Amino acid sequence: MSKFKFAMYWAGSCGGCEIAVLEIKEKILEVDANFDVVFWPVAVDFKYKDVEGYDDGYIDVCLFNGCIRNSENEYMANLLRKKSKVLVAFGACATMGGIPGLINEATAQELKELVYTKNPSIDNPEGVFPQEKYEVPEGELDLPHLYDTVKTLGQCVDVDYFMPGCPPEAHQIAAVLDVVTAALKGEAALPPKGAVVGVAPKSCCDECKRVKEEKKIGGFRRIWEFFPDPEKCLLEQGVVCMGPATRAGCGARCTTVGMACRGCYGAPDGVIDQGAKMLSTLASIVDAPTPEEIAEIAATLPDPVGTFYRFGLASSLLRRAKV
Amino acid sequence: MKYLYFPGCSAEATGKAYDISTRAMMEKLGVELVELDDWNCCGATSYFSVRELDSFAIAARNLAIAQEMGDDEVCVICNACYTTLAKTNRYMAEDPRIFEAVNGALGAVGRSYDGKVKVRHIVDILVNDIGLEAVTERVSRRLTGLRVAPYYGCQFSRPMGSFDDVQLPTTMDRLFEAMGADVITDFDAKTDCCGGMMMLTREDAALRLCHELLTAARQYKADVLVAACPLCEMNLEGYQPRVNKTYGTDFNIPVMYFTQLAGLALGADPKQLAMEKQVVSCDPVLAAIPA
Amino acid sequence: MTAASEKESRVSDQFEPRLIGFLCRWCSYNGADLAGTSRMKYPPNLVPIKTNCSGRVDPTHIMKALAEGADGVLIAGCHPGDCHYINGNYRTAGRFPLMHKLLEQLGLEPGRVRLEWVSAAEGDKFARVVTEFTEEIRALGPLGWRTQTDVDPAKPGTAASDRVEEAVPA
Amino acid sequence: MAEEKIGVYICHCGTNIAGTVDVEEVTRWAAEQPNVAIAREYKYMCSDPGQDLIKQDIKENGITRAVVAACSPTMHEPTFRKAAGDGGLNPYLLQMANIREHCSWVTIDHDAATEKAKRILGAQIHRLPLNVPLQPIEVPVNPNVMVVGGGIAGIEAALKLAATGKKVYLVERDPSIGGHMAMFDKTFPTLDCAACILTPKMSAAGKEPNIEMLAYSEVTQVDGYVGNFKVKVKKKARFIDTDKCTGCALCTEACVVRKVPSEFDMGLSKRAAAYIPFPQAVPLRATIDPTRCLTLTGKKCKQPCVAACGPEAIDFEQKDEELELEVGAIIMATGFQLWDPTPETRYSYGKLDNVISSLEFERISNASGPTGGHIVCKNGEAPKSVAILHCVGSRDDNHQEFCSRVCCMYSLKFAHLIKEHLPETEVYECYIDMRTYGKGYEEFYKRLMNESVHFIRGRAAEVSAVALSPEEQGELVVKVEDTLLGITRRLPVDMVILSSGLAPRADAKATSQIFGFGCSSNGFFLERHPKLEPVSTVTDGIFIAGCCQYPKDIPDTVAQAGAAAAGALALVDNATVKVEPTISYIDPEKCSGCHICVGLCPHAAIQYNAEKDAAEVIEAACKGCGVCVAACGSGVPQQRGYLDEQIFAEIEGALVV
């Protein structure tokens, strides 16, 4: 029988997801055994027009990583949706906007100014900016239109499965690929549409081995400020750990090595806004004799948006800053 | 230190000595008084009971000028001015209709007032801004042994009582204690009315009130009554002969503006303080305190 | 009648803010009831939502309200010390400033989300707070979160500022 | 979510709602809302026919959810939920939309009110499909009752409850019960002697086997909930073994410290450090004042009291005791304190002799008082003239805005007592208005007018010692405007009685916080509803009686005490009580055991279950604040009746219009 068709695309993201796929090591051979790669720019040389040429639904599985940052991303999202049977939002950026989503605090213009003029390391006296259209002797060149608002894949097209993580953990990728392969072979059923895959139930704290007790903190600390107790829950030590508001599945790798959870696996089921929820959790455990003091301490946390929405701003209730 | 200064009408007539001694005293304290440009009567007349809104406008004009002169507070020396201007602020703040109406009126003369100029009684400034320590430091002639009856009058702290107790004001008590005087702190007539403008319309009533006050001062063995309002001072001092005539008494109690006595303690010369203008001689007072 | 509610009754063409108010059941909700039984007048812009304690109010609720088109959100609970649940409002006191800071980062005017302690006996205070709040938000103008992201945050969509025809790269 | 059939019931409440809100329009609008099957309006929904509409629609039209747009849920939610229950619907599938207190009564503009009514109703319509059937939680009730405060209110309530066979703990802060009433001489308007009517009740309370008297004790902490309160009581050390003490008072005679101002006599007499506050004290036991006793203050003392005490009851080693009591209901009867006239400086209280407070006069006129009932000035001579100044500190924006209700009457009583003792003495009553509203009160006023008392309508301006004429020499001069004659008068008198108002206890606020209910803006305890629940508080199971709620006379106090007792009895006489099921629950399958909620629960109702590695809610202890729900990062704890999705739905519904 002919192999199944596999595609992977890299939209607004760092590329970590692409590498993560290779993290599955020898399992990549199984992938090769079961799939023909029909589109995977980072690995194999295909052009967009090749994809445009495919019949709708030609691709069996497409792992789409990265957020929708510009018109090209959106175009490819729509195209791959059309051409794929199973479209997976792969990684934190595709599922919830990810780190690039933080630009939703500003606008595309502000970003350009920062990058091309305001940045201290930039020498750009003429204030040259990239143009979307540019005439050259050979004709007109154009660049994709940079959006003000980073969107998740799900905010643009209909997504079959969501697989969070920055990047998704290798063992989870392997597991998901197994399920999909089995399903395609008719040996197993696919998970319900819209499911979050490659994750574990409960929150990150469930996988975190640290000893947890009642939490009352008198202030916030960063791990470079002190030597955290290796056994004790980081939150109890005043370190802002997103664990309680983050879906399990990564195996609590960060907290295991003494780093606070950043929340890259997104919110657990039943939480519609990871940042707001974590804010509530963190502020709730601030303890002091009077409400005034509590308020004072709570307000000392720098950069709440960057802390609570490090990955989830684009998928949060408010989605972006006021423009 | 520098203050915008609203003398008030009396300061140009019967209360001239109050104005003079105020300036002298503040000079001794190193405080500059800048007189309000083209100020007008505060409106503290029966006009308030005739056409209230117009009276507010009249008072607000002064505050508007203060605002134009770029100051956020104005110093007044007369209890009536103090009450009237403060009252205007309060009513404008609490009733937008009055605020609009008053500004409408001011608009007609090309002015406007945002209601933000604070009205400060000079006693308030002395005790709360300059401070008793600073004042005491500059005292060169302590009022030792002088029995002073501070007379606040009815409008000093009432109805607002913004900087002192409504019922029992004590700021002047503390001021003169700081200057070494033997202050009659339980002088319970300190906020009784002197008769005010009644002296012109119902003299008998006003004289009765003055008689009560002077009797109290005598029973408390006061060497001197100090007042913080031109009208109080005039009634209590200027009308002593008539009180005596009416009630067969023999009062001859020195009554001074508190600024005169304070000025004295701060080393000003009686002439600078216009003490010769007093009807009842202040010599006993001068004699009573060591030079 | 307050000047504000008077205006509210006169002027009709002006911007009418849509406000949500989370009231704790024991103090503030009863305070609002008292304002009613005392027939105090205040603008009609705020719709109360009852929770047992202000400590039940989750920042998610505030975000939700703003995202759903509210121009301002009020949280009202018992005065510190009066909490029917001993210290539930202490949690509110902690969450509020942090949320405030976050919302400011997202460009929201601080005045749009407000915390007040209103006891069951403070009907007058409730009326005053709602009046002030309404006028402040009226002055700030519409928040219009919907129109700026042009999405029901639950459903996919495109930000208004981003509407472009599908660009096909060369 | 399943297709629900919602019935919407909009109440006119006469014109209370319909006068401002266009009920027809709201009904039309409601009928078009999602899931709404029926929308009805009715003049008085809470009436039987109104309730029947709901029942019928449930039975005949298959309504599966209902919302009543009417008054505040605190008013009629129980009524309508019961109606739903009777109709066969789970009561918690009915919501109320408060369009009266929160809408029609507070809004001027009719269109605006109508729109707001839609938003308030819309919130509930959106929420209803997400409502789930709930069952009230039934908890056992502890049959015992605690009464806090041993004045006439507390005594009356305790006796009533004890008579029904209930065990009552009567907690009193002072060494003896009796309160203010024990200090009075006569009581208006009947003039029967306070002691004669109070002491029998006091001793009855002392002898009653069902009453456990905890005198000289204070409540320090209250936990638990309706039917199951846990109360910590501090029994202050008397340094007397009350079992041995016979109340013979030999220790007080022996005590060498004799100059302690007597609280009971308002400081007008002195007591010893070892003392019995007054002869009729209950319990009749001595107390040693630790702040004054030489031994207890670490000074030298031969301890003659020990020698004098036959039964060897004195125990200087005695320590405060802490009791933990469990009761089903609590009655607050902590009373009032007299408003201290000192701040009213113009009356010179504390500055001039013979300017005295009303309570001081009560003691002076009392046969068992410091003067043996002889009304005399400080110099021991009978006053030839007395002025009684009404409304001291009362009806005054600078002090207490309210009227204390009893002062006019006790002032009249004073006038009568003075006239009775000293017929020749001139008595002046300076009043603003004469408020004699009670049974037999106006008649008493009339009687006084015939006892040649001078009534001067005018609030006294000042009391001064400044004499303007020979006859004023050495007298107190009361300045007052007689507003009926339109003249100001100066009254030279020998004695001035200041009829102070009744003030909330200085620690009323703190007390209300210990027990978990609020105070009114005037500082008295806040009743649940001013008309319909004047003896209940917002906290189920805690009742209030007497002057701790608001100034009132003895008849009203006794009546209220009875009402409070009945309220408490109606509760503790049942084996169980139903409490709201709006409490939290935790799904162990979702909980990661991070412990955050455990430490946050104000009532320690969440504990960590190690083997499930999950937190769990102790239902009986949870009071349903929902703090854990908001605090959990994983959204695991949820609160019945206040689920997140229900609140979200309300938000959406409130913003659709």
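Letters A, B, C and D mark the chains as written, and numbering starts fresh at 1 in each.
Keep this in mind: contacts are C-beta pairs under 8 Å (C-beta built on N, C-alpha and C of every residue); 3 or more make two chains touch, one makes a residue touch a chain.
Given the structure is predicted, the values throughout are model-derived calculations rather than measurements.
If you take chain A and chain D together, the chains in touch with both are C. Think of the whole protein's Cα atoms as having one middle point; the chain whose own Cα middle lies nearest to it is C. Between the CA-based centres of chain A and chain C the separation comes to 31 Å, rounded to the whole angstrom. Computed centre separation for the pair chain A/chain B is 73 angstrom, with centres defined by C-alpha atoms.
Note on chain placement: the centre of chain B and the centre of chain C lie 49 Å apart, centres being C-alpha means. Within chain C, contacts with two or more other chains are made by residues 58, 60, 64, 91, 95. Shared interface positions of chain A, defined as residues touching 2 or more other chains, are 271-272, 277, 280, 284. The residues of chain B never reach two or more other chains; the list is empty. Those residues of chain B that touch chain D in the complex are listed here as 165-168, 186, 188-189, 192, 211-212, 215-216, 219.
Considering their complex, residues 72-74, 98, 100-103, 105-109, 111-113, 115-116, 119-120, 123, 512-513, 516, 518-521, 526, 538-539, 582, 600, 602-603, 623-627, 629-631, 639, 642, 644, 647-648, 650-652, 654-655 of chain D touch chain C.
Per the touch definition, chain D reaches chain A in the complex via residues 589-596, 598-600, 613, 627, 630-636, 644, 648. Listing the residues of chain D that touch chain B in their complex gives 343-346, 348, 351, 398, 462, 464-468. The touching residues of chain C, counted against chain D in their complex, run 1, 5-6, 8-9, 12, 16, 18, 20, 26-27, 29-30, 32-33, 35-37, 39-45, 47-53, 55-58, 60-61, 64-65, 68-70, 78, 81-88, 91, 95, 119-122, 127.
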